[in-house]
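Naming follows writing order (A, B, C and D), and every chain is counted from residue 1.
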Amino acid sequence: MPELGKYAYEVMSAYAASLVLLSVLVLWTLGSSKRARETLAQAEKEAGRDG
Amino acid sequence: MKALLLRDLRLALRAGGGFGLALAFFLIVIVLVPFAIGPDPELLRAVAPGVLWLGALLACLLSLDRLLALDFEDGTLELLATAPLPLEGALTIKALAHWLTTGLPLVIVSSVLGVMLGLPSAGYLWVVVSLGLGTPALSVIGTFGAALTVGVKRGGLLMSLLVLPLYVPTLIFGAEAARRGALGLDATTPLLMLAGITCGVVACMPFASAAVLRMGLR
Amino acid sequence: MPSGRYIDPMSIWSYANPVKFLTLSARVQPVLWAAALLSIGIGLAWGFFGTPDDARQGSTVKIIYLHVPAALMAINAWFMMLVASLIWLIRRHHVSALAAKAAAPVGVVMTLIALVTGAIWGQPMWGTWWAWDPRLTSFLILFLFYLGYIALWEAVEDPDTAADLTSVLCLVGSVFAVLSRYAVQFWNQGLHQGTSVPVATGGRTVADVFFYPLVLCMVGFALLFVALVFTRTSTEIRLRRAAALRARAVREV
Amino acid sequence: MDVQITDLSLARGGVPVLAGVTMSLPAGQAVILRGPNGAGKTTLLRAIAGLQPALSGRITGAEDRIAYAAHADGVKSMLTVRENLTFWADVFGAGGIDAAIEAYALAPLADRLAATLSAGQKRRLGLARLLVTGRPVWVLDEPTVSLDTGAVAMFADAVRAHLAQGGSALIATHIDLGLEAEVFDLTPFKATATTQAGATDEAFL
């Protein structure tokens, strides 16, 4: 761990906030991607069965 | 074109047309300001130009809701789109009617309301001139916002979200001109910039508004 | 319409076919994600652990590795949306419209990171969390533009109309964003330091020790943006395809 | 000049509804458009009026010659009947409104606010608007909704007079107007699941 001196709080909170925001975005993207795959698989199955 | 302008003006002035609502809103905002920031005359004097500008902007925004939505609901917009009048022209006229029934009265009333905020006497001219130059831009930009949201149910709030960022340059130059004028500084540069924005917007925006309206009516 | 026109299979426009884009996207996504996470991970770790404190700014200089790449991508995301919107309006490629839609939330998060890290950085440097500095203010306005753009996509039901309307909003918004930038500069001269990496002039104002990890982070953020946009565009395409399949099923009945 | 529609395909909500529509609307004649709900009558009329782009095909002779009337009449309730008609007459630059007022027996109502009219009276006002446009091609979507028998007869007379002057009318309606008119059924042109007309959804299939 590097010595952050008197600005330790600022630096850590900047990194924490950014990483939280980025991971929310990444997790949301991956989650919606997974859901969309399932929705499409379902729709393709229905289409295959009907047609 | 004249027929459309006269019709819009007549509709605005008849009962339920909403003329006066924006003015009353403007008045109330200005009355509420001292309640919010305190009665200190020095403070009020300092913020007066900015508050007048902000109040006028919000009053303008409030009345945009009716600009196209009513005509959309009763089918007038579709009929206008099939009429010989180009849609760009029709929207320019509607923006003009909006300015005549909202912007122009706001400009006139602002000089009176300046008294309540203790606006320095040097500032009256600049507040009126900057509002007079800037409110047409507000009406024209607002028409674009109204055209964007014309097919959206309960689009009023969405329209505010879309229009307000577009108002930023107009507000900055307009309020800056009024502020500098009130302080007795040279206000020429922001006024020229404001006039430039208004001219550019009046020249270009109707095309964007008409394009967007055609998409919305489809 | 892409389906009605012959398109050379070697042409880049062939990837404008949504289904073909899905296959391409599935191939490149793992590489993009790995490269993005790797370079951000190494870049941030290098910057955080491996660089000295600045003589004047102390350890707060480490925030640069987040702030500058995020700010860069916040603007570039809007620019990418502008180009994609133009492609949609001119050539009517669905992938393009959906890519613009997919990029907007990424741009929002990048703008937020730039704003938050900027505020945290500004606190010790300028003595205040928020200053109405032209650059910070411009980013705030950009943030509002992103919100309006996303809200419009959400509000319009017909997907093609939504694509049309948001494209025009993006065009008009770009003009007004540039206008706002100059208006804000005129309105307040600002505390913000000059740009750290002036690409156009080739010169730079940061020392080499800070510069190399910074470049790595910028590359990482750019790769992450591309990876996110690819994944999100694929998601949008899959949802549209599912809706189209269901609409066809209803029609057959 | 006739309105000629050639091999027209239309979509509604990204899905093709009509394919290969070919028809003509000669001057001096009326055509009654029929088809079950959802067949695409309104979509076709809107496309002819220029409100909606076609996927493929051509419409000629419609540009700037159309008077369109749909479910909404474009009647402003805070204007009088006369003001409403005068407005549309001015927009279309066609002049007098007296003939329109007479044809739909609006004279006793002329100075009343449209807000005070009944639904049928409002509809009569909306149809009277067609007469003040001076446009030769009428494109009408269910014009007789909320009209009583007397008013339907007025409408039929107005259409007949319009045709006699060399105008034409394309009318989507389910009731018998007693007009000498060709009937055009849209059912055979219904788009099938395999129609490839360039609708939005096809790009995703």
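The definition used in the following text is that a residue touches a chain if its C-beta (ideal position, glycine included) is under 8 Å from a C-beta of that chain, and two chains touch if they have at least 3 such contacts.
It should be emphasised that the depicted structure is a prediction, and the values quoted were computed from it without experimental measurement.
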item: Chain pair with the higher count of C-beta pairs in contact (A-C, B-C); value: A-C
item: Distance from the mean Cα position of chain C to that of chain B, given in whole angstrom; value: 32
item: Geometric centre distance via CA averages, chain C-chain A, whole Å; value: 15
item: Chain centre separation (chain C, chain D; CA means) in Å; value: 47
item: Centroid spacing, where centroids are CA-atom means, of chain A and chain D in whole angstrom; value: 52
item: Junction residues of chain D - those touching two or more other chains; value: 193
item: Multi-partner residues of chain B (each touching 2 or more other chains); value: 218
item: Chain C residues counted as touching two or more neighbouring chains; value: 241, 243, 245, 248, 252
item: Which chain pairs touch, all of them; value: A-C, B-C, B-D, C-D
item: Residue ranges of chain B touching chain D (in the complex, touch as defined); value: 2-4, 7, 10-11, 14-17, 73-76, 78-85, 217-218
item: Chain D-touching residues of chain C, taken from the complex the two chains share; value: 1-4, 17-19, 94, 158-160, 237, 240-241, 243-245, 247-248, 251-252
item: Touch list for chain D against partner chain C, complex; value: 13-15, 55-56, 191, 193, 196, 198, 200-205
item: Chain B residues touching chain C - in the complex, by the definition given at the top; value: 144, 148-149, 151-152, 155, 158, 161-162, 164-166, 168-169, 172-173, 176, 189-190, 193, 197, 205, 208, 211-212, 215-216, 218
item: Chain B partner contacts - residues on chain D that touch it in the complex; value: 49-53, 64, 66-68, 70-79, 83, 86-88, 90-93, 129
